[in-house]
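Please read through the structure below; I'll follow up with questions.
Letters are used for the chains, namely A, B and C, taken in the order the chains are written, and counting of residues starts over at 1 for each.
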Amino acid sequence: MPSMPVGLSRDLPPKRVMRASVGGQDIVVWRASNGDIAAWDNRCPHRGMALSHGFVRGNALACLYHGWHYEQSGRCSYIPAHPDLDPPATIHTTRFGVTERDGVIWVDTSGTAKPGMLTESLDALRSLIAEASETAVVAACLRTPFEGTMPRPSDSSLYALGTIRLALLMNPLGPSRTQVTVLTSTGLSLQTRHALSRWCETLRRNAEASGTGDA
Amino acid sequence: MSDFTLYTYVLSASCYKVRLMAALLGVPYDSVAVNFYPGFEHRSEAMLALNPSGTLPILRAGDLVLTETQAMLGWLATNHDRTGRWYPAADPVLGPQVLQWLGFAARLTGSAGLARLHAILDWPVDGEAVRKAALKDLRELELLLTDRVLAGRTWLVGDHPTIADIACFPHAALSPDAGLEHDGFPAIRNWLYAVRSLPGFVTMPGIHELLELREPADPQ
Amino acid sequence: MSLLYASNDWYPVADAACLARGPRKTRLLGTDLEVLGPFDDPVVTDMGGRRFPVQVRYDHLWTTIGDDPRPLFDIPEADEPGRRHVPCGVVRVKCSPLRAVENFLDIAHFPFVHTGILGAEPHTEVATYKAEIREDADEVWATNISFYQPQAAKSAAGGITTRYEYRVPAPTAAVLYKTCPPRPKAMDVIAIFVQPRSETDCDVWPWMALYDDTTGFADLAQFQQEIFLQDRSILENQRPVKLPLDPKLEIPTRADLTSIAYRRWLKRRGAYYGALTDQT
């Protein structure tokens, strides 16, 4: 399973938690107070609660159900029901590889995260989920014009829209569900970025309309 | 000394909009719990006499009776916010923008709000239809909030939270109750967090307190 | 196998309030049913018209689809004079019926899920208590529990240390006895009666029998509804969905004695509907 783009760094400030999915694996991605990012199996080993509902205290992620604290190593460091107990080392979360590059968060469930290489510097635009296959999204991209210009594929994940460059980073969530993280060339006006965001909506509409609707 | 009486139901997201606004503005009020469910008391003769549309919440301040949630938010801001920032009604741009969002909030009540009631209380509506409408509305909210993020803004209108944010917040925050998760909506997620971080914020079931803002040894 | 065992219990399928509004179409253990009023002379049938036995108890209508049902459990406090009965309506949750019961038995979550009501930091410590399977009644009991609560009940004037006892008389029902603020020698009774629609979704009917002469019905019911809806967000986010009965997947501590006893008791009885075991 290669590394997958799960969202934008901008959308995960310090002390925040988000949910992601890679290859069918439910994942919690969170950022400690010190800025360090971590990605774990989204399940507290106590009673199976989704850690993505949890809260960050200092550099630990606490589960919402019973407040069990897990430090960045994944090890349980505090159990509020037993404040004087030093939790045994056997209580820990399952960690995955995670890294950030070009403003994108990449997760790897089989080892160290290796982000897709981008040949140029790009700005993060947005990340969205389409109820369509990756193939349908790519096909829709090639027939969704932006201000009269049809996108041309240039490099892997990269498209040229006239003078604008666009990267569509795909994370397939299912046979008919894809997370698309969109980056653009730098130095674009706010107006253009707003227009590109709307282009993403049209792209999604076209991708979803083309599917058989069979989820 | 209470400023108004609110007829309310603890699980109602619409009632919560008013409770939240009152808490953020520090306005004291009396609460009358109406047995919306399981008793359907909002449809009783007594309640219909007060509010012919049979909905909750109902706000009563002296002789004034308000039955539209968004109007209650406007009343609270106009009468209790000396800064004028929560509802900049007189501003030629911000004022209409707030009104636009209040219209959107009403749409959300009919889509995400009904989807939630269907999922939790088996409300007799077409569950699939309201969920589909809710998804469409959430995507619209995500698009418009992404505009704001790209412009370096936090709130729906202007540079300060307004009644627009409070009107849209509950149904957006509670969409997971109906299985509509926020995974694909990072802008919504971050805006919800900003609202939850406001001083004086109060919760309702399904919307959690930010325990990260509380140090464990803080007194309650 | 697990369905056969589960079918021989009684389950709630309606209350007076919902039958007053008309027939109720519902689902029990995967079987679609229709419940017809009036509440004092109800009829429960499947889609083919086959009738099932009914009884009205604890302000709910109970039915069974089994051929040899175990008797419905007894809650003697229900008949004590002076108690207010509060049927709270029904809430649908996408979770295992067994997860719903186990959550009801848990107290370590109070400061985090019911913050400011049933618990608050820093009062998070769970002192040792006693949990056992009472062989004579074949029920799970937990006793000698105490916990500090900022708002233990609608009738409580401020924070108090509450005493708790839990009782599980059937796999999908749980009863809580807790300190009653207006009458320190008595206990309030709070229960959940779970109607399993399938192994992974259920209708939960909370119910109470309290000593409280001053609080209105709406306030009493909504106090309980608020608490249950806070739990719903947890219940719909636990994985695996079914309750694991083998200890490999989930790690308990001493605060989880009731849950440990409950899971062991379910396994012993073969009550696997909604559970994950090596066999299911």
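For the reader, a short list of remarks on this structure follows.
As a working rule, contacts are C-beta pairs under 8 Å (C-beta built on N, C-alpha and C of every residue); 3 or more make two chains touch, one makes a residue touch a chain.
Just so it is clear, the model here is predicted, and its values are computed rather than measured.
If each chain is drawn as a node and touching chains are joined, the picture has every node linked to every other. By number of C-beta pairs in contact, B-C leads when A-B and B-C are compared.
Located most centrally within the structure is B, per distance between chain CA means and the overall CA mean. Chain centres here are means of the Cα atoms, and by that rule the chain farthest away from chain C is A.
Between the Cα centres of chain A and chain C there is a gap of 38 Å. Put simply, the C-alpha centre of chain A and that of chain B have 29 angstrom between them.
With each centre defined as the average position of its C-alpha atoms, the distance from chain B to chain C rounds to 31 Å. Annotation for chain B: residues 208, 211, 216 touch two or more other chains. The set of chain C residues that touch two or more partner chains comprises 112, 121, 124, 233. Multi-chain contact residues of chain A, defined as those touching 2 or more other chains: 53, 64, 67, 80. Only residues 26, 42-43, 45-50, 53, 64-67, 79-83, 85, 90-91 of chain A touch chain C when the two sit together in their complex.
Those residues of chain C whose C-beta lies close enough to touch chain A in the complex are 102, 106, 108-109, 111-113, 121, 124-126, 233-234, 237-240, 244, 249-255, 259.
Touching chain B in their complex are the following residues of chain C: 15, 17-18, 21, 87-92, 94, 112, 115-116, 120-122, 124, 150, 203, 216-219, 221-223, 225-227, 229-230, 232-233, 236. For chain B in complex with chain A, the residues that touch the partner chain are 139, 142-143, 146-147, 149-151, 181, 183-184, 186-187, 189-190, 193, 208, 210-212, 215-216. Chain B contributes residues 9-11, 33-35, 37-41, 119-122, 176-177, 179, 205-206, 208-209, 211, 214, 216-218, 220 to its touches with chain C in the complex.
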